[in-house]
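Per-chain numbering from 1; labels A, B and C assigned in written order.
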Amino acid sequence: MSLSTDDIKRIARLARIETSDAEAAATQAQLNNIFGLIATMQAVDTAGIAPMAHAQEVYQRLRDDAVTESDRHTTFQAVAPAVENGLYLVPKVIE
Amino acid sequence: MKWETVIGLEVHTQLATKSKIFSGSSTAFGAAPNTQASAVDIALPGVLPVLNRGAVECAIKFGLAIGANLNRVNVFDRKNYFYPDLPKGYQISQLAKPIVEGGALKIVVEGEEKTVNLTRAHMEEDAGKSLHEDFHGMTGIDLNRAGTPLLEIVSEPEMRSSAEAVAYARALHTLVTWIGICDGNMQEGSFRVDANVSVRPVGQAEFGTRREIKNLNSFKFLQQAIDYEVRWQIETLEDGGRIEQATVLFDPDTGETRMMRSKEDAHDYRYFPDPDLLPVKLDEDWIERVRAALPELPAAMQARFQAEYGVSAYDAAVLTGSRALADYFETAARACGQGKLAANWVMGELSAALNKAELGIAASPVSAAQLGALIARIQDGTLSGKLAKQVFEGLWEGAGEVDAIIEARGLKQMSDSGELEKIVDEVLAANQKSVEEFRAGKDKAFNALVGQVMKASRGKANPAQVNDLLKARLQ
Amino acid sequence: MSDASLSTLAAQLAAKQVSSRELAQVYLDRIAALNPAINAFITVDPDKTLLEAAGADVRIAAGNAGPLTGIPVAHKDIFCTDGWLTTCGSKMLSNFVAPYDATVIERFKAAGMPSLGKTNMDEFAMGSSNETSYFGAVKNPWNLAYVPGGSSGGAAACVAARMAPAATGTDTGGSIRQPAALTGITGLKPTYGLVSRYGMIAFASSLDQAGPMALSAEDCALLLNAMTGFDPRDSTSLEREKEDYTRDLEKPLAGLRVGLPREFFAEGLNNEVAAAVDAAVAELKKLGATPVEISLANSKLAIPVYYVLAPAEASSNLSRFDGVRYGYRAPDYANLDDMYCKTRAQGFGAEVKRRILIGAYVLSHGYYDAYYLQAQKIRRLIADDFSEAFKTCDVILGPTAPGTAFKLGEKSDDPVEMYLNDLYTIPANLAGLPGMSLPCGFDTKGLPIGLQLVGNYFSEAKMLNVAHQYQRATDWHAHAPEGLK
């Protein structure tokens, strides 16, 4: 299989990465090489094999329902690009 | 052509935990912006989620309450999309293995009982809030709500009218507040409804294309939005148009739905199991402990109220509208031993007074024990219905306990027959005209005499006793 | 002094022959002299370092010192460090002063180890040469025309050049072991879940694991003692009893079964590396070990599996870099969406963007089963191969990388060629097993060769035992690059 420049544009759009036509073309060649490498995996018969999502077969540990955090918004917002009245500012959101 | 409406609801209930689902931040409503947004909630680089046991327990309670299957191993997935109120760029949710699958809820619409099946309920985190009031043309983001635990409850598309949808939403609201997993506050967004609505010609097996109405935060808007949407879809189809699958918003000011302008490519969420969270295991011990601690559920309580207190099915349904109301009724009924009378008072005098004062049952100035004591005084003949209403007013005003009010206001029904006989004789003597009319065969004249006696006794005479005495004197 | 082992430094500190401040100054001076040529550090802040060293001196004076108190350490710039610039090698975080400490940083602070600074790395740990860093490539101290490997290239180079006696690294597909091999130092990736990932900027969450990098196995054991331990803030952190990883260092190797996976000695392996690894096997035999041939048949699929799973997780992990709450925001944009797209196009480098795109693709509608799910299934096959192998051997041995260091720029235009460098290291990450690299020779160009050990789950003490016994019998780990003084 190989990816078209339209595929590249589509996934770049999903990933919110601005990509010009020239960049999409360059990326297309590289990704197709990588997917050529990945393709070797696809022929393997994996019928009946359970997918492995985690390195250890353990279950989620649960935290007690208690409030342990305090207000640190001033510290956190010191590194924010734009804030006002305690709010993070972004270009207007249209619903 | 005749059309049939098909509705399925997705309800987001905020779970009543103290802390967030994956962080130790408070979930309290109304704090100053971002003061309840921890490093985890604002998704600083490097932070990790740890699951709140309380949120899982809420989901277990719900699953048990609707008779659903609890997945003993359930899994959190990431739902990927970009939105400024979603700090990680993904929402932690459950897709393939939700904690709750199946279950059902009974609803009553126009006296007809119907069962609505549930598809699933899954745990997820809430997003923050976008504040659109103008910050120099920018939007402000408050992440206090980000990470609040939600249980998203999805029904099968089994409702066929807005009335059924509202009945289902109300029954669900009652249940989640009943079992204490949600505060049910719709103004604060604790219970938010999305409605999937489609129409199809009656008799057609396939569903029509659905549109999803997002974020309805009152039962009234739910009804209005569905009614508008159904009319719009039928008109569109009858005009030869097609329905495109879409997400729409309801505008309460215009009463109309409109397409959302954003999230145009939001359909490719690239779900995958969250590698930061391990599968959640529910052990049987835990489930049994939760089951044992569940309160009696509305359906069971309705059946018991009918059997134990002899109230009608309708009354039982009204009385179990909330756990507080049901508890109130039962306390009053037990205090006086008169279930039916208690039901009448709770649904009559008390409800009217609460409505007038815009109070909930929990804030009732008259306690259930007081109402029970009042009814007991009707039962033992101390009070007539009319006098009892005066005592109720006294209770409402906080004038003291039932017997003290009766005593202080002299509201005791006249039980001394000598005193009553004296009043009857005086009335007969003063109303000879009525006596003659009665003897001439006019029954109305008898009622006038009864009225005079009651008046002369200032309402304290027992009407039955007055009847008997008058009849005896006039024979 | 800069060649000294951690236990020697600890003894000198305990004997008051040197203070922590003096020791820190020795390394700061070397950094000042050598770093301009090597570029191993992104941030150095001598005032902060000396303040922390002064704190260590107080502890030592008060008799509250632990085994590593007063010894300085360099931290990979992937660990959030309160008050320090924490960039992850990216323009995206080039202005990010972390407001909190990663658990690993907390642990080293608790151990009383002053920080020498934040080391350079491939951007978001994506790379095997340290050439993808926004802050410029790191040079290999053995030959400045060569790469140090990556992604913990700065950590490896600073230890190899004796600019730090110890460093922290992280390893998602070989990022501790491969640069350790290419710079002639010792590095260990623990069993997944032993070291907390809290505060370590995520690349691929199910594979990432932090570990120590130092001059010897013994030093790594001491550092591992400080790093490991249960952390309630990381759901994947394992609740286990604390271990002393130095406990078995001196055990003789008699009876040890060393598994040699035939797939790791096949086509693609450089002859000089193969010869050095063979010589190491011979050395271990002399020490009483028995070689056993094993097979890891599915490990040839490790690279394709890894280049599905790691980018998939990364594409999601890196979504939080959106210019809203911290980090870089593009200066000009038309609207919200444009702000996202430009911020991410400008803030991320080429390799990171490539991997995000691969990840978004393999998770996208219609491709998930064929790529992501298939890769997860083969991941299990690869892990199962290891379980089978550990029935017949105690530790697995092979080359760390197929060759020695390559020239700067040599592979940077060919991602696939670059990816093949991690052929032997990736399988341990997929299985969650511990692995380490230690020096076992030099090629004819004078570049170090790395020997890899992979152990069964939680067998770090055994691996360290094998490595330490090997290092007692050989002196490859004691060689220092020349011409750097």
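Here is the rule we go by: a residue touches a chain if its C-beta (ideal position, glycine included) is under 8 Å from a C-beta of that chain, and two chains touch if they have at least 3 such contacts.
The structure presented is a predicted model; accordingly, all values stated were derived computationally and were not measured.
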- Message: Based on mean C-alpha positions, I'd like to know which chain lies farthest from chain A.
- Response: B
- Query: Quick one: most central chain, C-alpha centroids?
  - Reply: A
- Message: Averaging over Cα atoms per chain, report the distance between chain A and chain B in Å.
- Response: 41
- Separation of the C-alpha centres, chain A versus chain C, in whole Å, is 23
- For chain B paired with chain C, centre-to-centre distance based on mean C-alpha positions, whole Å: 57
- Two or more other chains are touched by the chain A residues 14, 16, 53-54, 56, 58, 60-61, 63, 72, 76, 82, 88, 90-94
- Message: Quick check: what residues of chain B touch more than one other chain, meaning two or more?
- Response: 39, 42, 44, 50-51, 82, 84, 139, 141, 268, 270, 275, 277-278
- Query: Which parts of chain C, given as residue numbers and ranges, touch two or more other chains?
  - Reply: 96, 99, 206, 232, 235-236, 315, 319, 322, 324-326, 336, 340, 360, 364
- Note on the structure: Listed in rising order, chain C residues that touch chain B in their complex are 79-80, 86, 88, 93, 96, 98-100, 102, 197-202, 204-206, 232-236, 312-313, 315-316, 318-322, 324-326, 336, 340, 360, 363-365, 368, 372
- In their shared complex, at which residues does chain A touch chain B? 13-14, 16, 53-54, 56, 58-69, 71-73, 76-77, 82, 84-95
- Query: Any idea which chain C residues touch chain A in the complex?
  - Reply: 95-97, 99, 192-193, 206-207, 232, 235-236, 238-239, 300-301, 303-305, 307-308, 315, 319, 322-327, 329, 333, 335-342, 344-345, 348, 353-354, 356-361, 364, 370-371, 373-381, 383, 414-416, 419, 431-432, 457
- Can you list the residues on chain B that touch chain C in the complex? 39, 42-51, 78, 80, 82, 84, 87-90, 139, 141, 267-268, 270-272, 275-278
- Query: Along chain B, where are the residues that touch chain A in the complex?
  - Reply: 17-19, 23-26, 32-39, 42, 44, 50-56, 73, 82-84, 130-132, 135, 137-143, 249, 260-262, 265, 268, 270, 273, 275, 277-281
